[in-house]
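The structure is given below, and queries will be raised subsequently.
All chains are identified by letter, namely A, B, C, D, E and F, in their written order; residue positions are counted from 1 within each chain.
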Amino acid sequence: MDFVTFFALAIPLVVVAVMVIAHPSPVYSALFLVMTLFLLAVYFLFLNAHMVAALQIIVYAGAIMVLFLFVIMLLNLQSDTLRTQRHGLGRVAIIGGVILLAELGLLLQGSSSELAESSLPENFGTVEALGSQLFTKYLLPFEITGILLLVAVVGAVVLAKR
Amino acid sequence: MDQYVPVLIALILGGVVALVMTFASTMLGVKTHSAVKDEPFECGNPPSGSAWGRFSVKFYLAAILFIVFDVEVVFLYPWAVVFRQLGLFGFIAMLLFVLVLVVGLVYEVKKGGLEST
Amino acid sequence: MAEAAAPLLPTQQEVAEHDPTSEIMELQMGPSHPATHGTIKFNLTLDGEKILNCDVEIGYLHRGFEKMCEQRTWNHCIPYTDRLNYASPLINNVAFAITAEQLLDVEVPERCQYIRVIMSEISRITDHLTCLGMAATEAGAISVGFYLMESRETLYDLVTAVTGARLTVSYARVGGVTHDLPHNFAARVRTAFADMRRILSDCDKLLSKNRIFIDRMSGVGTISPEDAISYSLTGPLLRATGVPYDVRKAQPYSGYDRFDFDIPTGTQGDNYDRFSVRFEEIRQSMRIIEQALDGIPSGPIRIDDPQITLPEKKQVYGNIEGLMNHFKLVIEGVKIPPGEAFQSVEGANGELGFYLVSDGSGRPYRVRVRPPCFFGMAALGEMLRGCLISDIITTFGMVNMIGGECDR
Amino acid sequence: MIDFLITFSLTVLMILMVLNLGGLLLWVERKGSAVLQDRIGANRAAVLGKLPFNLGIVNTLVADPIKLFTKEDFVPPGADKLLHTLAPAIGLVPLLITFIVIPFGDVLIIGGREITLQAANLNIGILYVLAMVSLSVYGVVLGGWASNNRWALLGGIRGSAQMISYEIPLGLALIGVVLAFGSLDLQEITRAQGALIGGWIPAWGIVYQPVAFLIFLAAGIAESKRIPFDLPEAESELISGYFTEYSGAKQAMFMLGDFVEAIIVAGLITTLFFGGWQVPFLLRDGFHFPWGGTLALPSLLVTLLQVGSFTLKVLFFCWLQIMIRWTLPRFRYDQLISLGWKILLPLALANVMLTALIILLFE
Amino acid sequence: MVPTSYHLILSGILFTIGVTGVLLRRNIIIIFMSIELMLNAVNLSFVALARHFGNMDGQIIVFFVMSVAAAEVAVGLAIILLVFRGRETVNVDELNLMRW
Amino acid sequence: MAEADIFSHIETAFPGTIQEQHSSHGNDTIVIDRGDLLTVLSQLKEHPDFAFNLLLDITGVDFFGKEPRFEVVYHLHSLTHNHRLRVKVRLTEESAELPSAASVWKSANWLEREVWDMFGITFTDHPDLRRILMYEEFRGHPLCKDYPVNKRQPLVEERDPITNPWHKG
């Protein structure tokens, strides 16, 4: 990934991400989040994560965000004002942000470049490579995910049915 | 990355088509306003206020199942591709996974989560 | 006169006050809605797709039929009756004429009775075809709807051949009918019926045996026989609940007791039964028509009484008595002796009754029509409670509300 | 540079093909329904005076868009104006760009250069289709919500519930095919279908996955929101559902979106279940009949035959969808949901596991 | 070539935006969306590092993160629905479910 | 059941309540007082000898200029015995009021609404006495003989402009 691509993706990403938390209307927030997710998916493509990019769109943009929109519409959530009454937390956020930026600065100094495209394994990021690892090395987490999803269904049904 | 170039081209082209169509009527069509026309369509009755009210949450229950099975589907794709390498072992692993989720489906159906409304 | 009491139906606000967590939506369906043909309005209270309450509002097509008839002579009322149930105008004509004849205590000639039966049954078939075709179209099976419309058109051709008009036929008169059947009528009817039987069997395969359609119709809009009687439902709506009440059998008029036909009944009282009953009634009507065509006697088609029926055109233009007779009858109307009569016929949607009061002046003093689909609409709210939005369309279609008749 | 030009022109070709086929389908639908219903159908096209033949197609392809584009663009005052304007585009764009992954021919050899007749050869081809289809739901949801109309809202919610419900069987049906061919690459899957089973039967996907085909057809029609699954826009129930408050070209975009989705479904059915561009017994150098005969053909002719075969198959499946649309009544909402979740989903899951088991046992 | 640290910085910025959203907004749905943003920022780090080391593990972890996110959203939104139906508000300041 | 039969049955079932009875043009008619209406109607429906379970029609007749001015006419049909009966109640203009039969037959609900709408005859204890065919703002009762046939009433404005947030002006 060269610098042009990086900035062409990173700057819109940050802008839409800010809009997610800055827009007063939940519907627009959700849509900005969808755009963030979509841009991230494109970003993943440049990081040789084809399968993950597709997943990002199918699961995140196509399913999770639809659920968000659904709930926003079902509850008829109106826009709220941005003026916060949570003063203390605002300061905490700013301090945390500064610390994080400092860490990032440190990171930048001792950074090394990513592996060249050519030195990657040939099938890096493809479905085959992912699949063969997922169902061998990560089999247990995979099965546990199934149980987690089951718990989610049961929990959500119990909750939503009052 | 080269394989995604056509997608980009198509995205731009599709965007242009969509843009042209979105604004075609704005550009070409006439615009008139009247009090009655500017009401939301409610079968010719005086409108009873904004439609943005709360709506039945029952629709949410189908959406939950969707999200769970969507995750299952995306797990199934890599499995399907490498299934021939995995063999019996992979079959049993996926069978367990699917069965666990089917339990969820059965639970929701039994609980009436997919009932008519 | 006291003011009307406030409606008892819960408003959105009341429901919300009762249960602050409810997700009730109010929706006004109609009068300008593709499925509410005949202009009608449903005030729906919905929970998601489910109907909690359905308040039916009629009257959008009210034209004051009864008031209008009171201003006209007896025979002038006939064209108004065309506009009641415009899907089967001939039955309305016949019903009015029969009631007026009852007030006169006269009986029309046998040939006239046969003609009335034939035309009534043709009208019943067109009405049922309209109803079924619309039901199919609204359920999404548009092609089947078109097939049924097409076969209705062949019948309209027959009606046109007899009366000169498709819908506004004004065919019956007090004391007879306007003209005789055209000479090759029987043959034309048989050809049309052969065509129609083919189309009906097509529709049977495409629609009434279609799983989606059966699922849409059965178990929907159910009403028990007790409720149906309490709601005064008649016709296919009542017969679908299993009550074999048909005016043609119970109180035969116009010589219906001569013919051999069955009364199809349902068992569940749901939309599918209503559909099947109508479907079968088409076949029975065809049976009656075929019998009538076989047995129709020759003879006059109206009463030969200068007090009641117009003289021949030859008489009118040929001698002064005929001219005077014509003039008096047209200007003053048939002088029906004072009295009152209620006579009903089996309309396409149920019992169609006329209650006529005469004061002997040549104009009806009071004309009251018992519109069969009015009662269906009254029961609709209860049929729909607990159903889904989609069920409104099928149930409303099967009630077969005809605006002109319901609102008059 | 040449490579880019080739890719560019192929992509443009695909987009144009989809758009034109969408317009054509509108005409086919009108004329086809007329044929089914014993009517004449669209026939007002007296562009050059009275012509001896019917120019209805011109009417639909030219006059209809002009009519739609010059209609008033109505935005209800109570609506969310920005989303109301954007919703049709959000719904249409993901669908327009889906078709580019579908291969419409093998290779075209011009001047020694082999051009694969597929605009975008993605190694995650099928996943790309799924991703784009899953994005198109936003157009429906937003169109329904932004109109601020109760009918539109009902239609939008019905539509989204329907589309997400049938996305799962759609994805699962495709997994059966992926299992059978072991690839996500559509061109590869199509090539694999050129083989012959027992030397006679073309190894098309339908032979391996008949159940998946039926599930895919049902779920695909549901995704394109056409009868019997047109509940979100059922005109006799919800007036026009989520596009009740739309007019002019924006409404045309929603309608075009449905047609494009129908074309995508037809294209995928062709590619995955009916051999794509394959013609039985036609290899790159000509026909190799199982009874021993061969018929050598020039490479260009072979390519033409393949593209023609693909187009014909796609048109056939479009026509099939139109036939279904004009024959069946529509479902009710609860029946739709229970069909999707209680019948199609278990069936699709069983199909996947059974396919896996058979592969395990026989390979 | 962009150094890996750039990806990580971007990931950090996105994470910070998410944290800010959680801290500043009072609408529970938007707070929830901010959490999703944070999860995605982490995903970005995983993918970037996978690329850095040429090792697929990072991408597979993203798989699991997404599944967890899906489960979390299903239950989380159900809780929000329940709370909203009981309390008529999605303002976290007004929600004090845990306080007694 | 023969005609004579039904009248004698009614006479024995409701002694002293029948003001008038006659049979003309094939319709049997009884006239009763409005105080007895509800008991007679429910008896006619419930009593196995009559079993008039189908309420065919309720309508009014306005004999303007005569006294009593209004007649309310009930047409009954028995599905079991296949016989019919017309029940009439006469009302003066001053006290145009009747007990509602909606508790006996469900269909009486709408029929009585129509009679109220058209003649202005009120029905006490009616569950939902609103206009049915005319609109709510309509003045007068159109089927009364003193309502001029060519009278025009203006169409009303929107009923509830407050609920429409887009019509601020």
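Some points to look at:
Criterion: a contact is a pair of C-beta atoms (placed from the backbone, for glycine too) under 8 Å apart; a residue touches a chain by one contact, two chains touch by 3 or more.
Predicted model, so just to flag it, every value in this text is computed and none were measured.
Put simply, the chain nearest the middle, going by average C-alpha positions, is B. Interface comparison, C-D versus A-D: the pair with the greater number of contacting C-beta pairs is C-D. With centres defined as mean CA coordinates, chain E is found 7 Å away from chain A. Mean C-alpha positions place chain E and chain F at a centre distance of 69 Å. Our note on geometry: chain A versus chain B, Cα centroid distance of 19 Å, whole angstroms.
Centroids built from CA atoms put chain D at 17 Å from chain B. Multi-chain contact residues of chain D, defined as those touching 2 or more other chains: 77-78, 122-123, 127-128, 130, 134, 145, 150-151, 153, 157, 164, 167, 184, 239, 333-334. Residues of chain F in contact with two or more other chains: 165-166. Of all residues in chain A, those that touch two or more other chains are 51, 54-55, 58-59, 62-64, 66-67, 70-71, 73-75, 127, 130, 134, 145, 149, 152-153, 156-157, 160. Against chain C, the residues of chain D that register as touching in their complex are 33, 36-39, 150-151, 154, 158, 227-228, 230-231, 234-239, 326-335. Those residues of chain A that touch chain D in the shared complex are 27, 31, 34, 50-51, 54, 57-58, 61-63, 66, 69-70, 73-74, 126-127.
Chain contact summary for the complex, chain B toward chain E: residues 57, 60, 64, 67-68, 70-71, 75. Here chain D touches chain B in the complex through residues 4, 7-8, 10-12, 14-15, 19, 68-74, 76-79, 85-86, 88-89, 92-93, 96-97, 100, 119-123, 126-128, 130, 134, 145, 147-153, 157, 161, 164-165, 167-168, 171-172, 175, 178-179, 182-184, 239, 244-245, 247-250, 252-253, 256, 333-334, 337-338, 341-342, 345-346, 349, 352-353, 356-357, 359-360, 363, going by the rule given at the top.
Looking at the complex, you find that chain D touches chain A at residues 80, 83, 122-124, 127-128, 130-132, 134-135, 137-138, 141-142, 145, 153, 156-157, 160, 164, 167, 184.
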